Every structure is written in structure tokens, then in C-alpha cells.
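Here come two complexes built around subunit A, the first alongside subunit B, the second alongside subunit C.
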Partner chain A sequence: MKITDDVPSTLTALDRPNSYIGRSVPRPNLARLTQGRGHYVTDVTLPRMAHVAYVRSPHAHARIVRIDTTAAKKMPGVIAAVTGPELAKVITPWVGVLTHLKGLKSAPQSAIAIDRACWQGEAVCAVVARTRAEAEDACALVQVDYEELPTVTDPETALDAATHVIHADLGDNLCFERSLDVGTVDAAFAGSDAVVETTFVFGRHTGVTNEPRAIVADWNPGEQRLTVYHGTQAPHMMQNLFAKHLGLEESQVRVLTKDVGGSFGIKVHTYADEMAVVALSKLLKRPVKFVADRIESFVTDIHARDHRVKAKIGVMNDGTITAFEIDDLTGIGPYSVYPRTSGIEANQIVNLTGGPYACPNYRAHTRVVFQNKNVMCQYRAVGHPIACAVTEGLVELAAAKIGMDPLDIRRKNLIADNAYPTGSASGLKFEALSHHASLDKLVKMMDHDALRAEQTALRHKGIYRGIGFASFIEVTNPSAAFYGVGGAKISAQDGCTIKLDAQGAIVCHTGVTEQGQGAEAVIAQVAASAFGVAIERVRVITGDTDNTPYGGGTWASRAAGIGGEAAWQAGKALRQNVLAVAGSILQAKPETLDIRDSQVVDAGTGKERIGLDEVARIAYFRPDTLPPGFQAELMATRHYVPRAFPFSFTNGIQASYLEVDTDSGFVKLLKHWCVEDCGTVINPQLVDEQVRGGVVQGIGAALYEQCVYDERGQMLNGNMADYLVPMASEMPDIQCGHVVSPTADSELGAKGAGEAGTAGAPACVMNAINDALRPLGAAPLTDMPFTPGKILRALGRVS
Partner chain B sequence: MSSLQCDITLTVNGETIRETVEARKTLVDFLRDDLGLTGSHVGCEHGFCGACTVRLNGVIVRGCLTLAVQCDGAKVETIEGLSDTGECADLQTAFETRNALQCGFCTPGMLLTAQELLASDRVPSREAIREHLSGNYCRCTGYHAIVDAVEAVAKARAGSGT
Partner chain C sequence: MKPAPFGYAKARSLDEAIGLLGQQPDGVKLLAGGQSLIATLNMRLSEPRLLVDINGLHELSGIRLDNDHLVIGAMTRQVEIERSADIARHAPLLAKALPHIAHPAIRNRGTIGGSIAFADPAAELPACLTALSAEIEIAGPSGKRTVRADDFFKGLFETALGPQDVLTAIRIPTALADHRCGFDEFARRLGDYAIVGLAATARANGAGLKDVRLAYFGVGATPVRASRAEVALAAGDLDKAVASLSGDIDPQDDVQENAAVKQHLAGVLLRRVAKQMTEARS
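So, the complex of A and B:
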């Protein structure tokens, strides 16, 4: 079997003897998972543990007139039936706003709805019982009288004067609005040889993590402490929020996150039904477990995208892009999600559109409105798939209009590789990107000219294949600019503590978390390299607020770039400390020594002087033999946060090759390529697998996935038979390549890689479909997902 | 809702088990909740995701669509059993080396399904592998690495003549 090729390290600072940087070492600890010995929250059971099930509103908007739990409480196994007002005595409500998103407003949200349900699926009553089955049995007997209220579902009319205002106190249904006008947009359009204008639509979809959301909360009145086993990306953030809303000190809350069955941004938010679990545990003084079943997941896991973007591009006949303009509208459900808010996706679309191109004229407007559907919030690649599809869709439509090759228009307009540092019209700062090098590499990888020739030849036989591209940029390694400056207690910095054990192995405690992406492996590789041991001598501890340095966890592609740098610095610091001990044992200057493969050696000659096991033995058990006044420090902690740039942008380009069956409207994906530049590649195989998984999530958005709602706010396809997800047989092989432009903000130089695939895939699949159908005169498809029905309509085969 | 209880006797990973179960209890809930065999996962409870895949009398089934009472007298095998016997150790190693799992939630089901394919079709094409695995949902990997791992093991097994 071929493991993805190793990429040689490009930085001398990382060029330590036996370095693991740039090597595709397998992740430690995977055998647990292949043997079925993982420890997911769904697997957790505790003594006296009870299970909660929720009665959920069948209406999108309704007043709760009366709840009668009498019959439910008499059911076998039932411990409690708790309504919103009862639970509100234990837990306070929250409002999802950030001060740096100016004007963003929302209404207080409670753990269980108090007097009104605002979306279909909102919990209105909790039933706690000995087993989940008994809790569900009793839920069926809870009597709820509702009075239906007018529903707001269509974002286009949400702000009309005639439309019902969901939260009267807010005055209208507007959550957030932002405008930007840079350069001379009107003059640029007026002077353009061609202008293309169209509307892009993005289907509302969701994460469908294979393990649903799960939480076990255990309030121990004897200790006055709450222990929460939580499938989350951000344990410290949740520790803060549980404490804050239960009226506890953070020191009274411990959040434990072991194996998580997929997250992708779904598990980085505050969910009312999870907040209710911690409150129920406090109320009932015993462990309470909640696992969302798949039907609940579809109507409560955050949804994302669901944007309508009117967009316009101006271009000269020589291909020069003159201006971009967008008008974005999105409906985010009845509440802005706490604490990250539901304004970020729209804000990112404004920031990112046009981002890869050197075009000074840009106008953008976005409105985020409330509606009576499930809440929307940040999901893998937040805003990027939309901004990228709008930008790249416009660029290829403009190229077609002036008769230019889609790669040539990019070559003409992509920011030059030697132009950095520079910025975008929207104000983003770019440290070092490689659009042109990436494009050149992609063209070689895909054997572009041969593919075009094949496409042309097949067209003569009535076979319609398309090639589509998408250049992209991706936000990674966020500083406090993302959330901290807006007042949210979401840590941008992260830490790593490394200690030498008594046999000379090391243990790393890190604030970043493992969601399957390989964070533990990356930390182990970095620590092993920085300190000087084989990776088998490294153990990594994550996901425990009692035992890891304070940190942000895993989101916005930050674990490797930020957590990795902290581990690098901690490894170096511990090496210095250990060399100080070795120096005093050996009567040598520490700076003449190094650690290589668990041995203290002469730095110059590599000659072995003393083993780490011996250093540890002396330091821990015979410190009396060390010089008077010398104290060995065999544990080191370092923290890191990016400071020079608010974000570390990555870039890349994807291509899709596909075939459209013009009789059935089905799309067959033949091959997909992605070249991306995430700076220093710590583990090529892990980066490639992040890209591949991300690409397939993006393909899901382009072709299959959509939460379908009717006009009354009822989700119509909330199950895995009706909501289509990508499966193995429809997915193509995906070839990955790399260009390496390290960030100078850290020694490691690593940027994030977790979201690039999802950012670019929908755009290039869209462009490939339109490329395939262009000779048939089909109207360009810009309304995702591109179902067979939409394709047949574009071809005029059905009306 | 029902409280009908049934006595069942079955073999699970070679051990004889006698239990009383509710008639409505699914096989995967029985394995996980009553026997503590948490290697089989529950992703959808409606037969779509394949995370609950186990072997019943030698054939893979959905543990969420099978009732525990249907397994009276049956032979059930789970990922824990296959791991202990080493039956698919090469496949497990290939998954680990090729990073054919990220979160690992789909992996036990994937492994049982792949093992069945390899037992019946010695060196399947990549398309045949994709087709056979297409009842097992993986949100993390994009499937490419899984196909690589299964393909590599198929070739290795054919090459070594086992």
C-alpha cells in the first residue's frame, strides 16, 4: 500500500535529527478505534445514571398554553418531567451576540422553551427516566397545548412590514447587516467590456456527524462539582459556559472529551438541549445522559449555508477583472447561536468574496434575518464554500462570456506570488500565498491538456464531460480577532505542557482536542522532534479541563498551527531543562549537548553521553547527587497565539472532472484534484486526508445535501433516507498536492488544513457541470444542490 | 411501548449468553447496553449508516434493524470478537497505516463489511469496493483512504495465497 509521499521539511529550524516534521507517520492510538475499544460519550455509563428524552415542538412557531406531565410522571422508570419554567430556576438564559459584529442582535434563549416554541424541534419538556426507552415512552404521555403563531420562513419577506416579528422586543426580524464599498465600483462596471450578473443559491444543510451529539453531566453535591463528558470541540469554552449559566465557579466544572465521532463545527456550539442536561443533573443530583437520536439531530444540530447571493462581475476583453459586487441574504432561525453568533458566515462571505484576485473594486451587502426554522451557525469552512462558489462561478461565467480559457483568466487576475505581503479589497491581510504556483502544479497533476482533448473527443460522441476549477483562500490559525475581541470567552491562545516521566519518556498535555483529524499525532510528532525522542516515547493527553493547559480546542483549522507551535516551544523548553540536568551530571556545558533518540549526546559529534532514563532516574530518585542548589525542572509549559496577522490565510486550487447524463440529469464524478498550501506540512498523509474528507463534504453540498422545509417551517426530509449524504460508490478518487509557504508568525510555520477541501469543492463541481452543459446551451446552474431535476430543467428537458 | 420480556440464549463472540430482554430491544442496543460491547455503534437507528453492522450467523446485518429476540439460538460476532481472534488483523493494520479512519465511529462497521467483501471476492476492483461499502456512511474520510486500505489488503491476501 502506498502511503502518501513524505514532503521533505523546508525549514532549517525544524531540521532536527530524526525529525518527524513532514513525515506520514501513522497516528498513535488508532488500534483502540479499529478494535472497537474507543471511548465515545455515547459509550459512557455511570452509577445511578439517568437518561433524558425531550418532548419537542411539532410547530415552527407556537405559544405553549399548558403542559400536563401528570400521566408521564406515573410511567415506570420515570424520575422527573421538567418544563422550561421549572428548569429556568437552575440555569439562566443566554443571548448570542458579539460586540465586534456591530448591531448584531438576538433574543434570550432558554435551555427548555419557556412560553413559546420558535422552531419545529425545539424542546418544550424534558423527561428523565432509568432508560432512554422509558423516557421516550413517558414523553408520549406529556400533554402540551399549543396555540399556533404566524411563522416566518422565507428570508426574502422576513423584513417586510407585513411579516410577523418573531421577537417583539427586537423590533424587527433583522439579526445583522453589513455593507462594504471599496474603490470605484460603479465606474468600474461602466467601463467594463462585459458584465455578468446572476443569483447563486446555497441549500441549507447540516453536519450529520456519524456519532450524534452526546453529553453526560454528573453533578456531585458531595464535592459541589460538575463533571461533564461531552462530545465537544472546545472543552474550556464549555466549562466557562456551564459554570456561568449554572452560577458556579469554573473550578467547579470539569469537562472531559475523549473520542468524538466527528464534529466539523457541529459540536462547537451551545445547544439548549445540552445545557438542559447539565441543569437536570444539578436539579436531580445524579448523572444524566443525553444522546440526540438521528431524527432529533436533523432538527436541532446547527444547519448552515442557506444563502441567496445576487452577484455581479465586470471584465475587460483581455480578461482583467474590474469589479465584484454581491448582495447576500440568509435566514438563521429564531436565535443567533451562543456564543459564536450566527452572523459569522455572512460576515465571512463579505470578507472572502473576490479574495484570491487582485481587483480593487468591491461592493458587498449582507443581511441576516430571523425565521422559524432550526438555528444556523458555523459549520466546516464557514462562509468559504459560498464566497468561493460566488467568486469562482462569476470568474468562469465571465471567461465564457469573453471567450477566454478559465485557467487563463485566473492567471491574469490571481494575486501574483511575489506580491506578498498584501491584502484584499475587503481588508484581509495575506502574509504569503501561492495561487500561481498552485495552479501550475494542478495543471501538471491533472494532465490538463490531455483531459481537455478527451473531453472534446467525447463530446462528438454525445458524451458530456466537464472540467471545473476553483481557486480559494482559507482562514486558519485565528487570533483573538475572531471571537475574543467581541467579548466571547473563546481562547485564541493554546498551551502545551510536556513532562519527562521517570523512564525518560514524555507526556504532553495540550489544550487542542482530537476529533479524528489527527491532532494527537501532530502534537506527538512535533513534541518528539523538538525534544528528541522517538514518537513511541510520547503520550498525548487531550480533552480534560482539569489536566490540560487552558486553550481554545479545535475550530477554524487551528489545532496544528497553534497547538502544534505551543508543543514545539514546550518541547524545546523541556529539552533545555533536561540538558541543564544532564550538564550538571556530566559536568558539561548544556549548550554543547543535545537530545537525540532518547540519548543525551554531544551536539557536535553525536556521541552518546547519558540516556534520558538515567537522567530521569538521577533527577527523580537521587537528586542528592546533583550539585547543591541545583533543582531539576522536568516539566515545561509554553503557550502560543498568532500576533503578527489576525489570521493565517492558506490558499489552493481544486479541479473536478465529471460527466453529466443529459437524459437522466445524473452527475458522475470521475476525478477530483486539490493543490493546497497550508505552510509547513507536519504530516502529509493527515493533511491529504483532511483535504479528501473536506472535498467530499463539499461535494455533498454541491450535489445532494439539503434540509428541505415547507412554508410552514416543517422540515420534510429529516432522516438519512431522505436527506442524501455522499456514500462511497458515488465519490471519486481525490488526488492531493502541496505547495509550501510557511507562516513566519511561528517557528513551525504550519497553517491549518481542515477546511480547504470543503471551501473549494462546491465551486469546482458547479463549474464543471456548467462546463459540461455549455455546448448544449443550458442556462448556467447556480442553485445548489444540483439535483437531476434542476439539471434537466436547465437543459430544457423538463419544465 | 411494550414491556413484553423474552428469554434468549445466544452465542456472542464465542461466549454463551442467556438474558431476558424486552421484545422491542434492538440487537445493537442489547450488545451495547446489556453486554457492554460498545464497539458496535449507533449512528441512525434506521438502517442507513451501517455503524451498527455486526455478523449474525456468518452474515453481516444492521444491528439497529435486528431485534435481540430474533437472535435466540444465533451466533453473533462483533468487532470485539473479530479483534480478539485476529480474523481481520491485517485489515485493521491497513486502516491504521493508511489513516482510513479519522473519528473511527464508522470503522467497526466498515471493517466487518470489508471483511465480508474480501471473503467473497478475492481482489475486487476499486469500483467493486466502493459499491460494497456504499451502505456504510463515513463523514470524515471521503472514502478514498478506506478504498486504498481494502484494496491493499485484498492484494496482499491474494499474493500470500491465504
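So, the complex of A and C:
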């Protein structure tokens, strides 16, 4: 295994001999996955396993008048055709609300639509057959009579009195509303030298995972137990929800999550068609498999963003930012998604806007409305790309208006690096951020002055290049403040159990999960370092509610920071336990010993005393030779949850360099930089790849991705040819740098890094495009994605 | 999604393929590279009862010179055309266009015949053949015939091929010393079907051009000749050529861009492609 040290370690407390912390250790699952030996849910095959396919509503809003399954049931291989009312006898509906999002309301949602389909793509009937192909053949014969209902699609008019109310019981189409008014906003605007006001629009888009959503549910009547093989980010959360809605005890449900082919927040929600699978398995008493195909994924995987933000900034001529104000509106589909709700993205926008800056005056208003489109919920970097683009868009527009350099206005207003601990106007608490150090590092990395000179020189030749920046903050390592306090049974704490095997290797069971991001590698590195063995001597087990400590899984950039700290503490605890055994064997005080590279050594001299294999042999097979009353404990468990701060904020800054072809409106990305501060960098390569992947998803939002709907609620581009995911050929080289401000909330000091790239990339691409076009007098572009057509219209080339 | 059930037969000869096509009119499809067909099957956009695989018919594959024509067998893979020295020399337009078609993995399987027969309005090859004044050779139950590219593309995914016809080869007049060609397209991502594209040929006429053929793709149901612009370009008036495009092509809105943007981009392409042709040297 090749281990490269590409970042000199800045560690102190973690500076154990042979530490893997801060080293680019290749992930242990790499060979297995690249040799095609992964074990995805799609690979699971069980005896008597049946496959389900769904008949989905072609209408955005329709009453289901009648469903006739007679012909479908006669098709070869068909086991059952089940409608919503039939399935409702096995599984109860749910409502996606959280009590700490005050006033948030939603309607009960069923596993299969009962009498009404509320979006195009909602399942109205399930067909279970021997194979997926047979199930699809039979689906074509299910007769559904619909009576179309008025569709609500435009958020702008969703609350109008004349607009149809989607759920009559709720009274209106408002899901959630929040207002915030801090400082003296009106006075600040009135006293400003300049005020910039504009409207930002963010396209509705979705996370496109390599492996689609997949689930196999196996109800075993003999055991009265349900085993679910599930491509999910949060196995314990799903265990709770499956049990709750099937009327089972949690002990009757086991969720197994082996390899997952990418998640990005898509796989951390309750999907009606997945709830239907567990219910069908219980109903039919046999394993049932569902693998979403790409076409149905586009209309059922959660969508995200789709915000319209009217925004305003005030500045003084010296660059001081006086106030921010936003009015946000979003449409989230017909239901708030369970159990995390669809109010979080809007809530985050209110929390995060203006966050990097020391500006005391801030007013925000957001409204979240229902509509007849696919549901929206949390997707990588929830709310951040929007809050960041609004903030950073305003900051660069303000800088342009007063004729100030975009970096200077940031230097003037970013919270000072020595101001911590401090907070934002919206009430966020910051432990230690490094906006200025990050900016300085970025300026060096990108050779800023040379780049500006090149930009100017090329303009004289009619080549329009732009440089754009985005400072950002990112929520990571959430405490119970995110969901737990709102009543959702989503664990904020996480645990790790480490045991010594009989040959002196260790096995870690962790509550966090592997989605392809490298959590397994990070846990192995931390455990190996804390305990004192080579990483080859560590096995990591994730994703099994029967066998891993209770935990939250992977979301909100928490796996390394929270799961990693639990592993660190468990590794230390097991080391103490093993040294106690070794001490009694060696007649030495345990505090004088240490474990290094699988050997118990004298802590002071490093002299080898006894191998771990020998300690294990004695403890397991000759405990009779240990002193009377001494019991070896060769398995240790520790849990961790951040307590000092509700969230561990990270920060950073990105820059984009690009060229706009002013004839065609096409944008060529030339280079991208990201400096971020995620505290302790456990594995530089994994962090950099998280940043790069995140940047690419952010570029997708800025230039390519959009779920296009017509006014009748039909998605028009739900396929991989028409929905443009960013692809390698168009991506720039992405250079990463780090500033390290460890969190003092944990010994490891690691914060999250999974969403930083996505948070800042759309903003800096937008700013770079506007920077490129400014000399041409183009109206600033603020409506993502920035297609060639939009750029041509901004340039006045096309009307 | 899974395709509806279908039968499969591997044709051992051209005649057998034609015979099989006649067995269930409209319910049989030829399988060439499968890069378009299998996707339509999987999405259940088409549900043929039988696929007739013509991948074993070696007589349909290969590139050869026949006097003053290049003959490209229908089953010739796109990658072979991309890499062929004969193509680069005698039909350089194809060499320019090929890298824009899909991705290498798809070009390894996809055939020229499949692309022409499928006739996607945004595909490169139909427009190239139109610009090249190619001829399409067809074998059917009543024998062989040849159709000019200008007459081959009839409508959206509709060609001169009858239900029992097999496209066997494409004939292209070899490029003479005064041959000029140009190709460009606008696609959001490398390998995507173009928003608008232009394949063009001409003959050098001093510093200018004559016999200009401009074949746009992505702007209508079939490749579209821009005849007014061809005349203007031959007359050496590029601005007029661009201006006259509004009379030549009538692109429709699609999910990527609206008609006005496509119309504008068509003009940008014309300037770029004209430049390629006038700057080229033999």
C-alpha cells in the first residue's frame, strides 16, 4: 500500500508514533470495489425473492377514480398487484414535520397513493412479479382511470386566493414560513452610500447517483422479523421508521447497508416506493426487491434548490457592508419529506446568508409552498449554495458598484480571524474560522495578480475571461440541534466498538456509513492510530443495525468528525484495556507501556515487550495464567456527540477562472481553486476528492443541471440525455488547499468536508461569468443554470 | 426499465435478413450497433417482436475505394471511420465530424448505417452525407436501389427505407484537390447531440468558394440545406449568408434552448465553418 504525505502534519495531541492522521492512506475498500467485488443492494438475491415495479401517475394532480388490476394479475410471473388502499392495511402514513421549525405543516403521505396522485411519477399501484421485466410487462396492463385536478406549479402564485389548495385540510398551500429581523436594517440601508438589489433564481435539480435507490425487504414470519438490505445513508433512522409504520418493535427490524453507489443526500429520506417495498414483503411474506430505474429516479428521487431570492445589500464607499436583506420563496412538491422535512433548505438559507461577514443588520423572510411537482428535500450542502450565491453575488455586485476590488471588499468585511468565538447576525455560533488566512492562501495559490494581468491583456484581443470568488461557511458535525430537538428519531451521536481479535488485529464497528466517500478509510486510519496497529490490521464494519453501535450514519458532513472521534476514543480505550492485560503479564505499570505497530512497548524507550498476538493468546486461551480477579476486556465502545457548539462550522473560499465565448454564450471553465478549513485533515486525498466532487456538483448547478417542468407539472427532461450532469470533459482542473483550525470540541479536531465544494462553486462561477461580461455592459446573470441562451440574452445578442 | 419481450435471430446472409424482416411487418427491427435501438427498447419507446442481428454480415462492413467513390459498408463502426486514413484523405468532412459523435465506447459499437437509418435530427452523420452528396445503397425484397442523401431523409426519424429494407452501404464521391469542407457544432457537453450543428462542403474558387453545400442539423426534422446562404456564400457575401439563414432554417424550441438562440448559433457556426473552408489549403 502506497502512503503519501502530501500535507505536512500540523498535529499535536494526535501525534502518536506511526500515526495515519494527516496521511493519504488509500481506502481499504478500493481493490474490492475496483475489481467489481462490491456488494450493492442491486446485487442482493434471496430465495423466493420477487421484484416490484410501480404504475406511476402520468398526471401532476389527479383523482384516482378506479384501478383495475385484473389483466395485470393474469400476466406470466405476476405474484400480486397491490393498490394504495390495500397496502394501507399493512403500513401507516406519515407526516413530515419537525417541531422546531415552528408552524411547518404537511399532509399525511401514504406508501402508495390512496385516492389522489399529487405529482407526476407518484406510485399508484405496485405489481410484484418473479422478475422486474415481468412486473413491468404487467404494469402496462393495469388500468387506472384518473380525473385530472387543477395543478399548482408556480410558487409565486401558490398562495394566491384563486389558486387551488392541494391539501384542503391544511387550509392553504403554505408549508413553512420564517422571518428574521436583526439590528437596524432600514436605517442601515438608508445610511448606505450604495444599495444593490437583485433577484437570484436557482434551478430545481437533483442528485444523480451511480447506483439508483435500491432496497430488498425480507419479512420472515417464522422469526417475526424484517431484514432490509437498503442503499441508505442512515440505517438506524430507517430501522426506526420501518418499525414505526409497520407496527413493529425496532428489535424486529434489521437494516443492512453494504456498499452504496453514491448518495449526496438523496438516500437519507423516506421514499414512499421504498416504504411500499417493506410493506409488500410483510403482506406477501417473501423478499421483495425494488431498484429504481433512471427514468423513475428523475421523478421520485428528491429534488432540491428551486429557490427565488430577492436580495439586497448596502455598502459604504469604503466597502463596509451595512446590511443584508433577503426574501426567499421555494416550492417543495406536494409533501414535506419525512422525517427531515422540506423546510430545512429554506431555514438554512435564512441562517447562512451573510454568514462570513461581520455585518450586524440582517433581515430575512422565507416561504415554503406546496406544489404538484416531485418532492424536494435535503441534497448535498443543503441551502449553502443558495445562501452563498446570494451573499457572494451581492458582495461582488456591491464591489463593482463602488469600484472596489472583490477581494478588498472581502478583506474589509470578513469576520476577523482573531474574533472567535463569535457568531453571525442570524445567531449562528462560530468556534474558530479562518476567512482571512484562507483568502491569503487562495491569492497565492492562484497567482492572483498574474491572472488579472492576463485577463486584462486578453480583453484587448476580444477574449473575455472572468475571475470570481466565493467565501463560504459550511455546517458540519451537527448536534441534536438539527433534527433531534424537533422530534425526529435521527441520532446526532455516533458510536464505535473496537475489539481485538485472537491474533492481535482489530475490528471496528461504526455507526457511520460508507457511501463511496471514504468513511471506512477514515475510521480505519483513526482506529489504527489511536490503538497502535498498522492499518492492514484493521477491519471496519458499517451499516448493520444488528451489529453496529447506534448512530446517525452519513449526512451533514458528520462521518469523519463525529464517527471519527468515536473511533478515536474507542481506540484509546481499547489501548488502555490491552495495556492493562499486558501490564499484568509483564508485571509492569500500564501507564509505562504503549502500543506501537502491533507491539506493546516501553512508552519511554520504545523497546518491544510483547506482541499483541501474544497478549490476545494469553487473554483468550490462557486467562488462567492472569492474576486472580483480573478480567481482560478486549472490546471497547465509545460514543461521541458535539456538545459545545450546535454545529461545527467550517469555512473557505473558492475561485473560478473561465472564458465566455461572447458569440455563442458558451462558458469554458479554465481553472478552479478551493481553500477550505475543515480542522484536522485526517486524509488529505479524501478531503481533496470530496472538495473536487463537491465543486463539480456545484458547477452542475451553475451551468448545467435543471429539472425542467412545464406549467402542468410535467418534467420535460427526466433522462440522462436531456438532464445535463457535469461531465469530466468540461470540468476544469480543481486545485485544493487547506488552512487548519481544529475544533476543540473533540480530541481529533476534525470538522466535515463533504459539502464545502458544492457550497461555494455556484457562487464563484456566477461571479466569474459576471466579471467576464462586465466590460461589455451585460446585465448581471443571477438565474442559474447559466445556459448559453441566458448569456446571449444578457449580452443582447438574442432577444 | 426492461424491454418488452422480444425474439432474436442472427442473420447469416443479407437475403436471410431481408426475409426475416418480411415475417412480421413492423414487428421486426434490425440490430446494428444497438446504441440507439437498445435504449429505445429499454425505455419501451419501441417494442419489436423480433430483432434481426446483422452484426455477423461481414459483407456489410469495411471502407473501400471504388474509382472516384468511397464505399463505406453500413456495418462499419464509427470508430473505424474516425481512424481511417482513406476517410481522412477522401472524405475529410467525416474525419472532422466523427469525434463529435457520442463517446469512444459508443463509437466502438455504433455503425454508420445505424446512424443514417435511425436518422436522429440532431445527428452528425446524416448532415455530413447530405453535405457530401452521398448516395445510400439499399437492398430490399425487390432488389437493390440507390437513393441520394438529399432524398433519403424524409421526416423525423423517417427515411426512404421501407420496412423490409436493409441499408447496405454509403457511396461518397472522393474529394478532389479543390474540395473544401468545414464542420462545427454546439453541444453543451462533449459527446452530446448538438443543439445546432453544421456540415459543409464547397469547391475552392480562387480565394472564394463555389458549389457550396451547407447541411444543418438540430434545426429541423431532418438535415436542412441552407440554400439561400449557400448562394450568398458562393457569392462571397458572408454577412448576407448569415442574414439569409432566417429564411433557410426554422429551428424549434427544445428543452435546452429556444428557437431564437438556435437561429443565432446557426449564424455563429456559419461564420466559423466558412472560415474553415476559406482558410483551408489543399
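The rule is simple: the second predicted complex is superposed on the first by the 791 of 799 C-alpha atoms of A that agree within 3 Å, B and C clash if a C-alpha of one lies under 4 Å from a C-alpha of the other, contacts with A are read in each partner's own complex, and residues count from 1 in each chain.
Here, a residue touches a chain if its C-beta (ideal position, glycine included) is under 8 Å from a C-beta of that chain, and two chains touch if they have at least 3 such contacts.
What you see is a predicted model; the values in this text were computed from it and never measured.
Of the two partner chains placed around the shared chain by superposition, subunit C is the only one that A:Val708 touches, whereas subunit B remains out of contact. Shared-chain residue A:Leu724: touches subunit C; no touch with subunit B.
When both complexes are overlaid on chain A, the residue A:Thr42 reaches subunit B alone and has no touch with subunit C. By the document's definition of touching, both partners, subunit B and subunit C, reach A:Asp137.
Contact with neither subunit B nor subunit C is seen for A:Ala187 once the two complexes are overlaid on the shared chain.
When the two structures are aligned on the shared chain, A:Val798 is found in touch with subunit C, with no touch to subunit B. When the shared chain is aligned, subunit B comes close enough to touch A:Ala31, but subunit C does not. Contact comparison for subunit A: of subunit B and subunit C, B touches the greater number of residues.
Contacts of A:Thr787 after superposition on the shared chain: subunit C is touched, whereas subunit B is not.
In the superposed model, A:Ser664 lies in contact with subunit C only, and not with subunit B. In the superposition on chain A, the residues of subunit A contacted by subunit B and by subunit C overlap at 133, 137, 140, 293, 719, 721, 726-727, 729-730. Interface of subunit A with subunit C (complex): residues 131-133, 136-137, 140, 293, 295, 663-666, 704, 708, 716-717, 719, 721-722, 724, 726-727, 729-730, 787-789, 792, 797-799.
Residues of subunit B touching subunit A in their complex: 1, 3, 22, 24-25, 32, 37-46, 48-49, 51, 78-80, 83, 92, 94-99, 101-108, 111, 126-127, 129-131, 133-149, 151-152. Interface residues of subunit C, counted against subunit A in their complex, comprise 1-5, 43-44, 186, 188-193, 195, 255-258, 260-261, 264-265, 268, 271. On the side of subunit A, the complex with subunit B involves touching residues 1-3, 26-27, 30-31, 33-38, 40, 42-43, 76, 133, 137, 140, 207-212, 259-264, 293-294, 515-518, 685-686, 689, 692-697, 719-721, 725-731, 733-734, 757.
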